[in-house]
Each structure stands twice: as C-alpha cells, then as structure tokens.
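These notes open a run of structures that come right after.
In the two complexes below, chain A is the common chain; its partner is chain B in one and chain C in the other.
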Partner chain A sequence: MRLASKASSPPRRRQSFTEFLGRREVMPFLLLVPVLIFFIIWNTIPTLWLLGLSFYRFSLTSGRPPIFAGFYNFDSILNDSAVWLGLSRTFLFVILAVGIETVLGLLLGLLFWGSQKLPGRRVALTLLFTPMVLTPVASGTFWRLIYDPTFGILGSIFRGLGLPSLNFLGDAHLAFGAVLLVDIWMWTPFMVLMTLAALASVPKAELEAAEIDQLSWWQRLRLVILYHGKFILMLGILLRTIDAFKTMDLIYDMTFGGPGSTTEVIAITLYRRAFEDFTMGWSSALAVILLLISIAFTATFIFVLHSRDRKQASLAEEGA
Partner chain B sequence: MVDITLDGLTRSFGGMTAVNNISETFPEGSVTCLLGPSGCGKTTLMRMIAGLETPSRGRILFGGRDVTALTPRQRNVAMVFQYPVMYRTLTVEENIALPLGRDRGLSAADRQRRVEEVLDVLQLRKLRRGRMAELDIGTRQRVAVGRSIARRCDVILFDEPTTNVEVHAKLELIRAFKQFRQQLRQTIIYVTHDQTEAMTLADQIALMQAGVISQCAPPRALYEKPDSEFGGWFLGNPGMNFISGRVVGTGMQFDILPEPISMPDAGADIRLGIRPERIRVALPGTPGTLPARIERRFITIGGQYLLTLRIGATVLRARVDGALGRILGNEAGIDCPMQHLAFFRNGTVMARPPSP
Partner chain C sequence: MRKEIITLNRRGLLKGASALGATAALSMPHIARAQDNPLRGKSIHMSILGIAGWVPSRLGVDLAPDFAKMAKDKYGYDVTFSYAEAPFSQLFQKAATSLATRSQEYNIIISDSQWLGALAQPKWILPLDPVIKKNPALDVEWYAPVVEAAYQIYPDGTKKRWGFPQEGDTMGLYIRKDLLEAPGEAAAFQQKYGRKLPMTWEDFEQLSFDDFVKLIAFFNRPEKGYNGFGGQYSREYDFISCPSMSVMRSTGGDVWDPSTGQIEGIFNSSSNAKALKSWVDLLKYQPPSAINYGIGELIDAFAQGKVFSAMQWCAVGPAMIPDALKDKVMVVPPPGFPDKSGKLVRNYIIGGQPWVINAFNDPDHMQVAIDFMEWWYQPETSLSYAQHGGNPCDKATLSRPDFDAMHPWYRTYKYMLNYSSDFWHDPAYAEMLSTQQEAMTAYATGQIKDPQHALDYAACRQQKILFDEGVATKQPSGACTGMRL
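Moving on, here comes the complex of A and B:
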C-alpha cells in the first residue's frame, strides 16, 4: 500500500529560489517589505521611542542622562492648567473651524452644483481651491502681512474708511478669531470638494422626483441630498477634525501662539516645550496623549465607514 | 382635468434627433401609452412633458396653457420613475403624504383622508408604518405610485414603472392602476415597451418609431388597422406577415390568394399584410383553401400552435388552436379572408382597400 502511493506520487524536484518567491504564500509579503521597512523606520521605531521617553525625566539642556520616572510626566501634564487650557482652546478651534467650514462648504458646494450652466464656473472653482493647495507656512506669512497694522491691506482699508486700524494678530481679543478665519479660508474649499463629491453620489432620478413632488429646498436637502451624501460629508468632517486638531504651522507662523497664549493650541504647546524648553520626557508624554486623542478620532472615523459597509451588506442581502 | 397638446415638439442631442417634430393631442382624462422599441424617443418625449427636458423646438400645452417654459414644479405634474423613487428615511405613509404638505389649500383632515384612500387602493394599509428600506422593489414602486396619485394632479406620467419589478408585483401594480383609474380620471401618459401592458392599460396608444409618433389610436384599432408596416410588425407576437406580390396586367398576384386582385396602381412596392391569427388553417384539401407546406411548428404558452408555412416562394406564420395543430401533418390548407388583409405601399398603409 505504502509502496503503491509512493510510486504514484511524482518525484520531488528541488524548488528553485525564484519559484519559492513566486509562491502564493510568499509573494504578497515580499511586495509589502519595502513599505514595511519604511513604516518601521519612520513610524514604529519613533513611536516606540516616544513611548519609552515619556516615562523618563529628560531635558536636553540639563546635560544629565534620562532618569526613569514612571508616570510622573503624565501626572504632571494632567495637573497642568496650561495643558487643559490649551486643550480646551484646541477643541474650541476644532469645533468652530470644522463647523463653519462644513456649513460654508455645503452652501458653496450647493451653489456651484446649482450653477452648472453659468459661464466662468470652472475658473471660479479653480480659484476657490487655491488656498487649499498652498503650504500652511506660505498662507500664514501671507495672512500675517494682510493683518499687519502698519503695512497690511486690511489696515489700510480700515484707515481709508476712517476706522481705527486694528492689530488683528496682536490684540488678545482678536487674535483667535483672526487665526480661525485663516483656517476657514484655507480649508472651506476642502469641504466644498467633499460636498460636490457627496452631491455627485445622489441619484439624478431622485433629484428629479423631488422637483416633481414639489419638495421644499429644505426637504430636498434633508431627505434626498443628505441621505445619499452624508457618508462622504461625514468623511470630510472627520478628516478635517483630525487635521484641525493637529494645526500648528499655520498658527505658529502668524502669532507664535500669542499674544499671551490666546492662540496657543495644544500642538504649539507641545512644540514649545519640546523645541524651546527641551523638556523631552514631558513633551513625549504629551505627544502620547495627543496621539491617543487622534487615535480616538480615527477610530470614530473607521467605525462610521464600517457602519456604511455593514449597511450596504445588509442592503445587498435584501436585494438578493 | 386638462388635455395635453404637443405642437411641433423636437428635441436634439448634438446631431441626434430623439424627438422629431411631434404634433399630437392627448385627450383629457385618458390614458395614453407611448409604445415603441428602445431608443425611439418615448422617454425623451415624456421627460419633456414633465419639464425635465427642454425641447429644442415646439410647444407643450396643458389645457390650452403653454407650459413649455415652466419648471416641473410649476407644471404641477406627478411622475412615477423606472426605479422606485422614495424618501428612505420616511415611512410608507409619510412618503405618500409628503407632496401633499405643499398644497396649502388642503386641510390636515383632507390630507389624511387622501392618504387613507391611497393606502386602500394600493393595499398598503398593513405596511403604512413600514420603513422604505424594509420593502421589496415592487412594494416600493407601489408606494411611488401612491405618492403620485395622492396629489391628484391633472397629469400623471409613468416612465416604464413595471420594468424593474418582478412579475407578480407587476400584475399587482397593473391591478392598482386600473382601480385608481376608475376613481380618478386624470390625464395619464404611460411609457412602456411592453405591448401587452399598453394594450391592457391604454385608452389610446401612441406608437413611436425613430422620434416620431407613427400612429396614435385606441389599442384595438391600432392592432387591427396599423397605419404602417412598422405598426403591424411591432404589435402582436409574432407580428403581421408581409407578403410581396407580382404585377399581373392591371392587378397583382400574391401566393396566398387564389386569384389576382385588380389594382389600377399596381406596383412591386406594394406588400400585403395579414395577422397570423387571421389566417384560416384547415386540413389539406379542404375546399376553398390553398395547399401549403408546414415547415416548422411551435407550441405557445396558451397551447396553441404557431406554424411556419410555405406557399410557393412565400413564407408566413399562422396561429392555430391545439386540436387542429396536433392532427396536421406536413401539409395544410390555408385561406386568407379579404377583410383581414391590409395593403402597404412603401411601408405605409394604402388609403382604400383594393377590390378583388
């Protein structure tokens, strides 16, 4: 019996190396290697390093080696009123910026979508997207000049109108609003883009039916457009939320977080403590906390996307 | 109630003319089916009546009022689409009631009464609180029909509403359609490519071909007396037989007739048409019949036989009942009664039937 089975199986040939690489079990991993190497060097190792460092007391300027301090840094951060203030300022910034950008983006998107036959629409759309493609540092510098009380165009307009010239970025009451405005200017186009994408996903027949059924503007928006477009809009809102939470360069370039700390969002706090005070251990711990907050946003985002998949799957079952 | 008048209506897309200079009146309170093969322009024509498509030329009048420049909203029409359009976050009842909210002259009680009526006619009462996402496509389409009839517009448009619906739901829709027709006499345009549906539902059928209405007539008249070879061919399953003849002296000889017919304007461009079920088929040798060879035979769903017959060079199809079909061998006798013949010259019916 054993003999027979041996005789029937083909003689084993040694597998060549290229054959081995081409096997179904090997090839996918092989293709992943370059990305994995990159990811490990630039992402995983620094993150682990950061995590490790957050448990040490370590200041670059002290000249002393890092001392293990357990949760000392985290404890210190959670009891630091400046951090809490910075975080609440950041959340206020995120809520206002993303909220206003979403509403404006939706309105502008609807406007562009409803004016498809107007001449100059493409040019207007291209111009509208310009702020989004500029680097934040360039935009920051540019707006700092606009806001400048002496040389800025806003100042001269105010003076021309006989109004007092305002120091937008230097006034503690105005700076936060001025910075917020620039973020809105910069990122509303993104929400316009997302709105246009969302509108493209609305079936034409349903819009026509809404017209024939004489639905009001609001009913059409709520029952037809938002029903079909809400996932894309949600995606836009979440991307913007994560991004706005990390905003640093744009604000730093305009106000350095000032005057006082009125525009100091948490990312600027982190930058200052790390690269101006060189308290690396403490800053690492703060970075870990911010990372966890970002992960929470991302998790929400993934959950929302998956809930759509689940919904589609159940719809597909229904269709079958 | 209004009638719908089309006056020289044309719609071109680039170099392609989808609807070409149509002038026609659809009487008030009637059901007109726009029937024709795919791409004949029937949907474009209906979308222009709805206001969803702008005519390149021509006018549309509702009861004498020119509506060409009005938006769909201003025209006050209702429409049922090919795919059931619904407001998915609302219940069945809310879907039906939704367009009624815009009618300011309607009291809440009236509104509710109308919704109740529609729920009854369409047998949706049990599902009234159901979410649209939970319903099958046929029921969704019934809700869409309900939404369009609840408004009691002067004009309702149906754009192939049964195409995407399975057969039982289709019959249910047609039943509901007939029932609400008895109660409300609105002017209805119904686009379909299904001739059975058109024959069942229509007061008149507008037969369309290549962007024009080739004939607009009640179903029976359209079937019995087609204006063109296209009408004879498109309606009926199978369509009309068309037979060419030979000019003989001052008349014409057709293979399926025992003797020539005298025809002062005889010509090779004349063809004779006869519907398959109008050919009398008998056992071979029956007096008054011509001998024909049976080339093929099929049994149809109704148990009838569909025969392919040959007389000389002429091939034609005939329908016979099952009893006769079973006993016929390879030969049969056929007779084509004169009153069922139609004559076409270059595809168009000839005004006066030639005398034998």
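Moving on, here comes the complex of A and C:
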C-alpha cells in the first residue's frame, strides 16, 4: 500500500538553494539583509555598547578598567546643575529658533508663492537657500569674523555710524542671541522650502473658490492654505526641532559654549565630557538620556504623520 | 740612497697604513653599527603628530631631512617623515583616540606638558628611563630644573620620565619699542606718573604689576587705533587659565596640593580671587574683542598693530614679529609682583611641549624614534633648531654666548625658565581644565559678578573630579552642594 502510494505520487524534487532564495516569501527578507547588516554594525551594536557603558565608571585616560557603577552616572547627571542649565538653554534655543524660523519661513514662502511671475524669482530663491547648504562650521567661522568687534564688518559698520562696537560673541548678555540669529539665518530657508511644498499641496480649485467667495487674505491662509498644508509644515517643524536639539557644531565653532557657559547647549556639554574630558561612562549615560528625548521627538513626529492617515481613514469610514 | 728611499717608502707606507687603520678604527663603530643594524637596508616611514600652526612643532619635521641623511650614513636605513597636526584644543583628542585603539598611526607625538599623566597612566607612551639608561646620550643636562619637571616627569615628585622636551616655552611681554621710544612719550609719562618710563630690558625686569598697569593705561589709545594691552581670555583650551594662574602663583597662591589632591581651600583662596580679578580688570585697556582672544587672535591683534603690548608665549615669536614689525618689538619679562619685603616675585605658568613616543610602535619604528631623539639632542641639531626659531632646553645651547641675541625673545625665554612652573600632570587634567575655563570665563564675561564664586565653583567641581578619581583624599565640602554658576 505504502509502495503503491509512493509510486502514484510524483517524486518531489529537492529544492535548490537558488530556487529557495528566489521564492516570493524569501526575497523581501533577502533584500533587507544588506541594510540589516549595516544597521546592526553601525547602529544596534554601538547603541547597545553605549547603553552598557552608561552603567560603568570609565575614563579613557585613567588607565583603569571600567568599573560597574549601576545608576551612579544617571544619578550624577540628574544632580548636576550644569546639565539642567544646558538642557534648559537647549530647549530655549529650540523654541526660539524653530518658532522664529517657522514664522519667517511662512512669510517668505507666501511672498515667493505670490510672486511667481516676478523676474529674478529663481535667482532670489537660490540665494535664499544658500545658507542652508553651507556646512555649519563654515557658517560659524565667517559669522565669528563678521561679529568680531575689532576686525569684523559689523563692528566697522557700527563705528561708521558713530555707535559703539558691540562684542556680540564675547558679551554674556549678547552671545546667546548672536548664535541664535545665525541659526535663524541658516535654517529659515528650510522652512521657506517646506512652506512652498505645503502651498503646492493646496488644491487650486479650492483657492479659486476662496477667491470667488471673496475670502479675506487671513481667511484664505487659515481656512484653505493652512488646512491643507499643515501636515507638511508640521513635518518641517518637527524635523527642525530634532535638528535644533542636536545643534553643536555651529555654536561650538563660534563661542566654544562661552562666554562662561551662556551658549553651552546640551550637545556641547556632551561633546566636552566625552571628547575633551574622556569621561566615557558619564557621557554615555548623558547620551542615553538625550537619545530618549530624541526618541520622544521622533515618536511625536511619527504620530503627527500618522494622524493624517487616521483622519483620512475616519473620513472615509464616515463617507461609507 | 736607493735603500734609503725604499726604507722611507716602507716607513711612509707603514705610516699611511697606520693612519688608515686609525681612521678605520675611529669610524668602525659607525660602520659596524650600520653593518649590524637590523634596520639596515630598510625604508621606514615615521609619522609625527604636532600642533597646527606652531612653528617649533613644525621644525621637528622640517629639520628631519638632516636626520634622514645621518640615519642613512650611520645606521644604513632610509627614513621619511610625515606630519599630522591639530590645533591645541583638539590635539590631545586626536592623539588619545588613536592611542586608545593601540594604533601606531603617530609614531612620535608632540604632547602638551600637562598631558603626560593622561598619556602615561594608560601606558600609551613609552617609559623613557630604560631607554635613557641604554642610550646615555639622551641623558641631557637641561638649562633649568623646571624642564625635567614639566616635560619629562610623571607622577610629580618622582623620577619617572615619559617625555623629552621638544620645545621649551615661557611667557613674555611683547612691547612695541617704536611706540615706546617715540619722541615725547618718556617726558609725558614722567609728567603724568612722576616716574621714568621703562625703556630697557633691565627696566622691565624691575617692573611691578602696578607700574605695568600704569604703562598700559598710558599707551591705551583707542582713538589712534590701538589699545594698551592684549592678553588671553578665551574659553578655548587653557587660554584664560594660564595667565590667570600665573598671577595667582606670583601673588603667593597655588592651584592645588599634588600630594593630597586637595583643591578646595587652595585654589579658591581670597588671594587667588583677587588675582583673577586683577587679570580680568586689564580688559579695560584692551580691544573689545580681547575677551575672545586665544593665542591666534592675540597674534593677529599684535601683528596688525592693534595693541601696544601683549603677554604671549615666546614660542610664537616668529608670528608676533613679522617683517613689518622687525626691529620695532622688544620681548621682556612679564611684570613681577612685590612680596611683603617688596621683592618682585614671578611664578608664571610654563608652556612648551615634550616629545613622547608611542608605546605601540613596532620594533623598527621604535628604534627609529629613539635614534631620532638621539639626533635631536646632538649639539649641532639643537643649535640648528635654535637658529630656526625653536626654543631648545639643553644647557649647552642656552649657555652659548650668542644665544640671547639669536632671536628677540630668547633672552626673556631663558630668563623666564627660572621663574616658571607647570600645573596638574594628572590624567584628569582635561576635565579639571574644562570646568576651570568655564568658571573663569563666566566671571570675565560678566555672566557672574564675583571672582570668588567662580573659583569656589571650579574648586568644588575639581575636588569632586579628583575624589572620584581616587587622587584626592577628601570629598568636596558641604558648601559645594548645589553650587552653580
């Protein structure tokens, strides 16, 4: 019986390895392998290493092996007034920079959108986007020179107008504003770009309808433009928030976090402690805390992105 | 006659043979060394890491072709050099991250003097006592005891050597001689202050800090496009710390007790707070941007005629005195501080850098590094280095009668070697320096108003750093709880 059954069913050919790889359900995983290898080597392992190191007391220059210290580093960070000051300075920087950049970006974006037939618009746009494509180190260096009260052009203009030459980066009361201004100069174009993208997403028909209905400029902005463009604008704001939270190179190049500690944002504190002081355990713990804050930003970002899908899905359900 | 000639010829031949033999015998060690040298016939490439834009560092490589020639003749191997560089504030980082991976990317490193502990403690650099014992030529007699203490020894107070002085450096006061000697200035100064305007090197040797303030106030003429003085106040690296600590030490203060690691109560003394205030008070005679001056910015200000005087390292003499200011600048000792008896005291922070040898060099590179050091301290190399504007430290070169006149800053450099000392050769130096720079610049820039508070903050944090490290026996006091800038 067994033999008969065996004889009746066609012999099953052993699947070759290449055939196995070519199967529909295997191929997607296979295509993911290179990126997964890259991700594991450059992301997962260092992150796990960082997490592990944050529980050790380890100074690169002490000559001693790392000592397990439990939550000592986290406790030390949470009780360190310099860290709290750095964090509060960072949040202030993020709120002011992103807020001003968004308002200016929106205004400039609307201006460019409404002047599509003006000659030289493309050139003006290109010039406007230039600061954004410069490296922060280059921007920081030439702004440091511009701000220099002895040799800088700004000081020269002030003197020419009979005004005292201000030391923007050397005065504890002016330095924060001075670096903030450079960040605004550098990143407002990004918000202009996002605004133009948002405006492009507004259906023309609705704009024409708004015109026929004789809606005021403000009504048009609020009820039509922002209604349709807010998701792209939110995306821009969130990207800028995450980026501004990490700002380090621009400020470090201009002031080294000084005068005193008036421009020392938390990323500079981390850099100093890790790569100037070489306190690797403590710095890893701070990096873990900052990573958690960044994850919170990213989660908000993903939530906002998905909220559009959720809203559209619920509208579709209502329609059905 | 014929016989005589033959005899003479024989004698001549014998004499010639003897002379040849003697010459061969004399040169035998070299030949033998070249023949027996395990590196003979090999080509070695050496990499030196040094300070960007720092003439004496660069000279180490610029003079290296002479070493290559000597190495070929004497040891029979070919050697080439390359130079990697980084600014002061990033050099340690560059060296440490490479050495931490046990790399021999940099075979020889020009370290800053305070880094000896941080490089020696993890055993990244070669301990030199066995090397010196094997190569007595490296047991050089230095001009002043501070050379060994600053550039060679770790831990302080021991005899363990880890570095060779690459370049000695002290602070000097650069003065615009042409402005000082301008007609009418001496009489005007005499009339204003009732005392003679210091004109010569000897006059400046006798100049007290208070009189120095009068001098820079007199020459502070922003309406004419220049100020009286330029100093270093930047938060970068150790720029505000070095001059501030010089005033502290010269006025009887100190920065720590190396034997116990005690900082609190020493660094934040009222005398040190007064000294910090004195240094910061000089800002009123300086250009408005002086608060951001580091070494480079001060060079620019002085070389471009923006200041009458500058307290600056002797090592940057070539940059401070460009051709446009040749013969218009004199370099004199920085001011002294009278003690209770009225005697002027100078105890300035020493600059300068030692060579250190990478402990992870393979045997070939290690041997070349040691040969290079032997060559570096040969009298002719040291003299050549001095002639090029480097600051050697060996007694033989500095005692030469022509040394003082070789460069405008040499007399002061040599003089100040006797009145300079170093600070913290501790592995945690970077962390301590960073917090000190933060505190001092917070006061200098007006972020906080009280110099005492700046020093209290720095002392508390430094005490904690050393206690955590196991160097200090005492924890920070209760007064440190919650202290912030």
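One rule holds for everything that comes next: the second predicted complex is superposed on the first by the 305 of 320 C-alpha atoms of A that agree within 3 Å, B and C clash if a C-alpha of one lies under 4 Å from a C-alpha of the other, contacts with A are read in each partner's own complex, and residues count from 1 in each chain.
Please note the rule applied: contacts are C-beta pairs under 8 Å (C-beta built on N, C-alpha and C of every residue); 3 or more make two chains touch, one makes a residue touch a chain.
These figures come from a predicted structure and were not determined experimentally.
With chain A as the common reference, chain B sits beside chain C without any clash.
Our angle of interest has its tip at the CA centre of chain A and reaches the CA centres of chain B and chain C; in the overlay it is 150°, to the nearest 10.
When the two structures are aligned on the shared chain, A:Ser294 is found in touch with neither chain B nor chain C. Using the contact criterion defined above for the overlaid structures, shared-chain residue A:Ser156 touches neither chain B nor chain C, since it reaches no partner. Taking chain B and chain C in turn and counting the residues of chain A each one touches, the greater count comes from C.
Between chain B and chain C in the chain A overlay, the least Cα distance found is 49 Å.
No residue of chain A touches both chain B in one complex and chain C in the other.
Only residues 50, 52, 71-73, 76-79, 81-83, 85, 87-90, 98-99, 102, 133, 147, 151 of chain B touch chain A when the two sit together in their complex.
Residue ranges of chain A in contact with chain C, taken from their complex: 57, 59-63, 81-82, 85, 148-152, 155, 165-167, 169-173, 175, 255-262, 264, 272-273, 275-279. In the complex of the two chains, the chain C residues touching chain A come out as 89, 93, 96-97, 100, 117-119, 121-123, 234-236, 287-292, 300-301, 304, 306, 427-428, 430-431, 434, 438-439, 441-448, 468-469, 482-485.
For chain A in complex with chain B, the residues that touch the partner chain are 203, 205-206, 208-209, 211-216, 219, 223-224, 227, 315, 318.
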